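In what follows, structures are represented as structure tokens.
In the two complexes that follow, chain A is the common piece, with chain B as its partner first and chain C second.
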Partner chain A sequence: MSTDIWLGWTYFILCALFALVGALATISSANPIRGAMGLLMMILSIAGLYLSLHAQFLAAIQLIVYAGAIVVLFLFVIMLLGPSAQAPSDSRARFPRAIGAGLFLLLGAGVVSWLVMLGQHISKETARLAAAGTWKPATVPSDFGGIDAFGKELFTKTLVPFELSSALLLVAVIGAIAVARSKHGDGAEKALPTAAALTEATPKEEASV
Partner chain B sequence: MNLFFALSPFLTLALGALLLMVAEAAAAGNGRGEKVRPGLALGAALTCFASCAAAAGVWFYGVERIEGLDVLQPWLIIDRFTLFFAGLLALGGGLASLLAGGYLPEHQIERGEFYALLLFSTLGALILAAAGDVLTLFLGLETMSLGVYALTAFRRASPRSAEAALKYFLLGSFAAALLLFGFALLYGATGHTDLAGLGQAVKTIASGALSGQAAGPTTLGAAAGPLVLFGFILVLAGLVFKVSAVPFHMWTPDAYEGAPTPATSFMAVAVKAGAFAVLLRVLLVCFGDKQSTSWANGWPAVIAWIAVLTMTVANLVAGRQESAKRMLAYSSIAHAGYLLVGVVATSRDGTAGTSGILFYLLGYTVATIGAFGGLILAGHRGAEAVSFEDLAGLGRRHPAAALPFALFLLSLAGVPPTAGFFGKWFILKAAMEGGFSVLTVVAFLNSVLGAYYYLKVLVYLYMREPGAGAPIATPMKSGYVNVALAVSAFFVVLIGLDPSRSLSVATRAAASLFGG
Partner chain C sequence: MISPIVYVALATILFFLGGAGFLFRRNVLVSLMSIEIMLNATNLALVAFNRLHTDSHTGQMLTFFVIAVAAAEVAVGLAIVISFFRIKRSVRTDEADLLRN
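Our next item is the complex of A and B:
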């Protein structure tokens, strides 16, 4: 294989590996700040993956919106909450959780090995077809992934979904306000329920289900 | 202009929701820091009914005659199937907002956002039913779901409501991720995101797999087959979660119980109907080829097992509930099972099966809204009726509140001559004629089993007296709820007495899915 293909592979593997490590850190660290940092690492690696797909604009947006705005917002909230952001360790249902994790790992391993086999099959197939001359790699237009090509696509071909997404964003905003806003003039309104209150409130009749 | 006419059911909802938000913002205070909300519920309900009327208008004008819909291709498909669902979903949304108009002020949790969220959720369900491309499908699904998550969490002070919303949100996001991953694999295998193109490509791949040749629209060759299969499994899992069928039903009882009752009724009705619309479209348009619909190699066997599990588990667990609201949640899972029997039947005779499902959904919508409405009516401020004990003796003390409740429960149980009976009849008939006799027998036995817990409510309503010291339920008074119950009861009885007219509408809608 030529050098640029090797370079591409190495770049992809590195980005993918960092994304996985970041994702694992996000869900496994008890310290929420570390979790947010793991998320940041994953977002950066995914932006790197976008770059390898010629999607420069998407990569830039990923950096600005996710890494720049959303992770910072997460950090603000974690800092505001202070020590109460630390979740108390929960030892209930350890056994079913372990079973679930084991099953998921097993399934994941199966899927990954199957995908690897599929990838080998596909590369063999394309090599065979390319040798026979019936297949050549798709060419990317020179302006692909740039902001002008992106905007043109967005406002002509995909205008309908673009307009529909405004409804999605609006409903997300209203939903967030409805959940976050406290009611005026109602003394019964309590503070945000803490994690402990939530666990206590778990319906008792679940045992009968 | 034609375009606006064809899209009027959608635009009405969006416009109405925006107007309601403005009205809420401009609502005057009463001097004590509380806002006076004159008829926001009425506005929401009228918007929904206007959208319903717009769908009917396009239907009767003849959607085939409208030109210039090409610009919507392939994003939105406006055909009679879409219009049927638009009418049905808008009806469900309108009735749910009427229930909310009575329930929210009574329990002092009324805020204007509820109605805006409800309308936008309905709009999302409409987009979902009309989606002709994976992109619009996902946008519609998320618009609907995000609204419903917020509606579930609406009772801020209640930890149970917060817990229900969090569970629903996390599991729903997980299901959406599965769905997206599935569609990504399908796109990788076929190079299409539009459902029609996807269907063509799947057909080519399936025929290639059948003859053992490496045939495919892309260079993947024979490797496309497993990719399609894996993508299909993930897509199916995501959609089955939304219709809350076993084994993806765990969120349903908690979310339904924790949400304010009007939101619960909306979830049981609109979310389920929208999910079934998209399930039918994906199965019949993308995976409607001979290979995919064969019992040995395709989806019917999988769906049949899910249907059997759903009906049996839900009916068995529903009978053991102590809370009537939770029982209704399990009953809605069981109804998803009956509807899935209809989905299996579509693999043999698409039009008969689909029209059965559409008819069933119509009857199910009005009866479910009515049943939740009856539950709402039975309680009052500070004493919401939730458990069976709360309903004890209501039929003797307040016959006017108990009678419609009983009617809707009988319809859900499938007792003739109500809408529910004919819904079950048409679905079982389609399944029987499709040759799925074992499945038909299981569905029939299950509907007998299901009658047990509906009758249990009737026993409590009419043959029990509240125990000594137990709180005695006094029904609330609300014009909104009464109107919702009256409209639902009208439809339940009308469809039950004259099923042929609704069936012919459902059949025309179903036929349009197959190009008829």
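Our next item is the complex of A and C:
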């Protein structure tokens, strides 16, 4: 039993560490490709955390939709934009932005410390109630989070939102085409960076790296 | 079983990291990725809360719809990025001043 708990904590800490490193890489890397790789790392570790929370179906969906579609879409756009996807670093207004982000992180630290206190309180209360015999941990049905139980609930209780989400995805696809399409009909060669722009931009990128 | 509040604490850290990235970075692609980090963090918190009430899948269902909406959001957002790049030849958010007179 204790080895089970130990293994669970090891798995959780590994996944959490990878998720945090991935998120940090995403928000701090100058090269967007590296950022997308960090995002992929975070998405994979969150899929692992879903597995430990009895959400197998969602872990699969996370891999298919996030890792398989969203990250690939990001990479596709980054490579379409070429070297100009990496904006040259500019120190203008860096200080106010840093203050804003720092205050936001401070708020986050406050929330996390409140959660830690709440967790201590909860563990104390559950230990007291378990000792009194009035509390026992929630039992997990064997099919909880599996595709059977999930699908049954999806197509009964949340059928209307499911159909509405299909409409939303259709509208999003049409909207994306309408927004990204060039106004001049054949904007393909204008949209892609020309060879001259590429050769002009490459030394700049090397210099910044 | 690890207490779900540990997952919620991790989700909070991820959410605020994503928010800080959104506030600090000026590359619009990185801003979109920061939004994805925040959405993933809220999904993790929802799934962790659902672990406490295993008689229904409400949290997991909400996560499912958040993933669907995130996919739609990324499709439209990246289309806007491409359209913006076509006009300004840049991906910096502070160059998006087309509505300034």
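In the analysis below, the second predicted complex is superposed on the first by the 182 of 209 C-alpha atoms of A that agree within 3 Å, B and C clash if a C-alpha of one lies under 4 Å from a C-alpha of the other, contacts with A are read in each partner's own complex, and residues count from 1 in each chain.
Basically, a contact is a pair of C-beta atoms (placed from the backbone, for glycine too) under 8 Å apart; a residue touches a chain by one contact, two chains touch by 3 or more.
Fair warning: this is a prediction, and the values are worked out from it, not measured in the lab.
Engineer: Just chain B (first), just chain C (second), both, or neither: which does A:Val160 touch?
Structural biologist: In the superposition, A:Val160 touches chain B alone.
Engineer: Under the stated touch criterion, which partner chain does A:Ala87 make contact with: chain B (first), chain C (second), both, or neither?
Structural biologist: A:Ala87 sits against chain C, while chain B stays out of touch.
Engineer: Determine, for the superposed model, which of the two partners chain B and chain C contacts more residues of chain A.
Structural biologist: Touching more of chain A: C.
Engineer: Which holds for A:Leu118: it touches chain B only (first), chain C only (second), both, or neither?
Structural biologist: Once the two structures are laid over each other on A, A:Leu118 reaches both partners.
Engineer: Just to be sure I read the superposition right, which of the two partners does A:Ala36 touch: chain B = first, chain C = second, or both, or neither?
Structural biologist: Touch status of A:Ala36: second partner only.
Engineer: In the overlay, answer first, second, both or neither for which of chain B and chain C A:Gly175 touches.
Structural biologist: both
Engineer: So in the superposed three-chain picture, is A:Ala16 touching just chain B, just chain C, both, or none of them (first/second/both/neither)?
Structural biologist: It touches chain C, and chain B stays clear.
Engineer: Could you pull out which residues of chain A sit against chain B in one structure and against chain C in the other?
Structural biologist: The overlap between the chain B and chain C interfaces on chain A comprises residues 111, 118, 122, 158, 161, 165, 168, 171-172, 175-177, 179, 182, 190.
Engineer: With touch defined as at the start, can you tell me which chain A residues reach chain C in the complex?
Structural biologist: 8-9, 12, 16, 19-20, 23-24, 26-28, 32, 35-36, 39, 42-43, 46, 49-50, 52-55, 57-58, 61-62, 65-66, 69-70, 73-74, 77-78, 80-81, 84-87, 90, 93, 97-98, 100-102, 104-105, 107-109, 111-112, 115-116, 118-119, 122-123, 137-141, 144-145, 149-150, 153-154, 157-158, 161, 165, 168-169, 171-173, 175-177, 179-180, 182, 187, 190-191
Engineer: Write out the stretch or stretches of chain B touching chain A in their complex.
Structural biologist: Residues 14, 21, 32-35, 71-72, 75-76, 108-109, 111, 113-114, 116-117, 120-121, 123-124, 127, 133, 135-136, 139-140, 142-143, 146-147, 149-150, 153-154, 156-157, 159-160, 162-163, 165-166, 214, 219-223, 226-227, 230, 253-254, 257, 317, 320-323, 326 of chain B touch chain A in their complex.
Engineer: Touching chain B in the complex: which residues of chain A?
Structural biologist: Residues 111, 114, 118, 121-122, 125-126, 129, 135, 158, 160-161, 164-165, 167-168, 170-172, 174-179, 181-186, 188-190, 193, 197-198, 200-203, 205, 208-209 of chain A touch chain B in their complex.
Engineer: Which part of chain C faces chain A closely enough to touch in the complex?
Structural biologist: Touch list, chain C to chain A: 1-10, 12-21, 23-27, 29-30, 32-34, 36-37, 40, 43-44, 47-48, 50-54, 56-57, 60-61, 63-65, 67-76, 78-83, 85-86, 89-92, 94.
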